[in-house]
């Protein structure tokens, strides 16, 4: 069965309906999104692509951005990064302070908020213009300059971001934060506010399905070992306290965001982005998880 | 580079030395093992095999047995099993009671002790002769009848197994245990006491690298979806509180035991078992982890 | 206002009504108790006494027994006891395993289940006939031989005591238990099954309101420092996760049991026992707490 | 034995020596204190007083200030205060976030940092000039206007107060903070910076040993029930994770601060303040605890 046939089935089988989950509501900007939006974009290593629905509409990528910042930080800092953040699944909610206390301020992995804040802090120390540099990196990965921060979202996150403020100050008290906490949070909230389409996300993540090379130019961006490692972290830590469930059902490395987006990659096969803003109780796109499970069931392929 | 060449390199590069870790000592039977034992056996989907060192010597597989019991339980109970045990990484030590308390007696996954005890309980309810049936299953997977329980080990585990006794009674108090707690522990300690060689383990685990088919007869034992799911659980939960580290460094699904064994599989490529009894602080074979990392680095292949 | 006048007010003001709380139901024997039972007995240092309601009816003292065993253990073991159990409030439920894990098997205090099990273990090591010796001690304190174990309750506790079995085995695994776990639990369940009336309890606890002397014979049983210390532990740890609340509202050292009994003492004034089987959400007698708060409000006296 | 004789004994028996503990070092201002300072001041209800050593030298009262703010807040807010902070011992360190997470942002009691920050927030909402009003209150209690904030200490606390910043932001994220977090912390750090002598502290705390009346004017400041309740909270929560130990050894309600001060009261008898800056591992004055234990042993009196 080819991918077009599979997407046809998915489109028929899955329709967003009210009650499937709840749109993120902790900031007004995210709560305004139409819950019935639904789109998917699948990009293959051979350059072919398949899509349906709202695959060309931008949405807030939120935590998916953590993969981008991790990729840059890993390149620039190498092993030093792992002195400050671990690579273990967390076993609790994405913004828990309990584990952080138990682990003396070393976040369990770079995809929980505390971990990504440490990554942001690390980037502030090495990038000249962190915000611009990050945006340039993402644009380059997609081969598309029409990618921007959503300042209203960033501002609103900042206004309501008390939990993240608690996290950064707590880690600062334990010696795991170097820069000014306000500057770090400012960069962190901007990073989360990036708006992208399914197509853009899918293309950007081809990096992890194409041995570290750019999907278009085939230029090497990161080496194969980095791909293996970042994919591994996505596999074990990409879905908050539902990483095992996603891995079990879908069988691919991936990353979700509270904007309702999920990106997953099948190394040397494809990268796929799906968007449906209704979240399940663990904070992941309810419909997105189902669609991706069916996708790997229909293709009969997963990394396992 | 072919596998023989790679194993030659590994053999040259890695030699067990005192101080690399500590042999498990919580029961006398395990502490007697020569810490310098070291063997590896790699079996390819095409039937070729490669080995060196103590690959033909039996050792206590301990927690590796949890994969066998999970496989049987999953086949016999299907989805009902997941009402009683989750598939999420645990975020704490293999025998922690804290998480169990937080999760109301539902173990985080079938590879922590509590989870495997629930699996043992489930098997007691559906198998006529649990101990024999399990042994038969493992023998059949290996195509080798020379596999036995080590009764001295089982007896010793029973004598010192207060922590596991605490776990089963705690879950019983929360309604997640059906059978007599002593009978469950008896079966559980026997299961852990199975002694196997690297060759036997590697062949048995081909099931998970060969689409669910027997390595020799190519008879279908479990379906592909089950393979995907069990591999996924190994990937996210197979190494106690070091699952992320193993996934990050090695990039393959696998399972370790305190006897010093590790088995890992590369779906549709190979299954590999390594044995070195010196454990790191997280309870996994110190040398074993290094050898497998180098293996996937040299092959340039992982599931990612 | 004299005590008789105060008890008259209490009797008028407080009437047990359905819905005030729930009778303990984890064993059938306790759940059979009439929820509307209600009695109080107050014994003064000068020998006068005041009572109303079901003050002469026996009920299961349950955790109140922990004060008796602690008193004996403290006398016999002295400071050695505190190597094995601490004197800090617990901050969680009476039967939590989480704290025990954090504290490496040293229970926070002798009034949570784990702590009292350690005390029971200690007594097994020093008493010749633990069950008889305990009963003799309590009878002597009350000057009343009509005090017995309720074997049906003890048996039933044993049958359903999986949580306590978990606790004792867990501590055994951490080296804080000396005797056979079954024997310890047997003694522990017997101790909890003692049946006493409000009058008997109130007289027994005069020990702690009478400088360590017997209420009748004035014979010295324990020294004043022991009184101070046991009262202190009752004050900070006597009501599970509601110790602060009881101290705040009532202002006296005391101990409760899931049978619905509460005993409190005002040093050098009186000892008072109240019984009402309906428990609040924290497992303490709902009406009992209210009555005692009003008692200290009306007397205008507390230890503070 | 009279108090003078007892103090003579204490002075002979106890001498501060290096190595007894560690002076608080998290801010430079506190670490500069001479570790060998040692003073005691005991004020009796009958107006007599006894002292020795550095009893007239000011030191940073730190957490002892939490009793003053609680007293004001309790008077002004009444029962509403208890919607926002509980009265249970905490079971963990004074600045733990774990418990706060478990309890959904409601601090366990007003004497852990989180709880006192909630009290500070409450006071900001009702006091016109919080800093001045607090100082006036304390001065009035002591009958002494020579009491001031130590601005260098307050400033330094602010500079290093990341943990407290984490706490206030975390509670804000859970809806338990009303005012601007920076303003709250500013007030909180000032409150902790108050410098007082043993004499001043002892006189101020007579409130809690004199039925709520001023030690000099006998004017009623708070009612007897408030005295009972605040004493109760001191008894169960006044010494961080060592409240049970203090209660067990000393048997009086009291409060300590990391400046090395401890105040304790024996209702209707006396109020006593001791100062020795060397802290034990739990953060309480090592010598101070010993001296007070001996005091109640020698007097033969405690609340129990």
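We just call them A, B, C and D in the order they show up, numbering each chain from 1.
Heads up, the rule we're going with is that a contact is a pair of C-beta atoms (placed from the backbone, for glycine too) under 8 Å apart; a residue touches a chain by one contact, two chains touch by 3 or more.
Predicted model only: the values in this text are computed from it and were never measured.
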Any chain in contact with subunit C as well as subunit D: none
Chain whose average C-alpha position is farthest from subunit A's own: C
Intercentroid distance (Cα basis), subunit B paired with subunit A, Å: 32
Distance from subunit D to subunit A - Cα centre to Cα centre, in angstrom: 47
Chain centre separation in whole Å, for subunit D relative to subunit B (CA means): 55
Interface hub residues of subunit C, defined as touching at least two other chains: none
Chain contact graph, described as a line, ring, star, complete graph or other shape: ring
Touching chain combinations (by label order): A-B, A-D, B-C, C-D
Interface residues, subunit C side, partner subunit B - complex: 96-98, 100-102, 162-163, 165-167, 169-170, 172-173, 181
For the subunit D and subunit C complex, residues of the former touching the latter: 86-92, 99, 108-109, 208, 224-225, 227-229, 231-233, 235-237, 241-245, 247-248, 251, 253, 267, 296-297, 300, 302-304
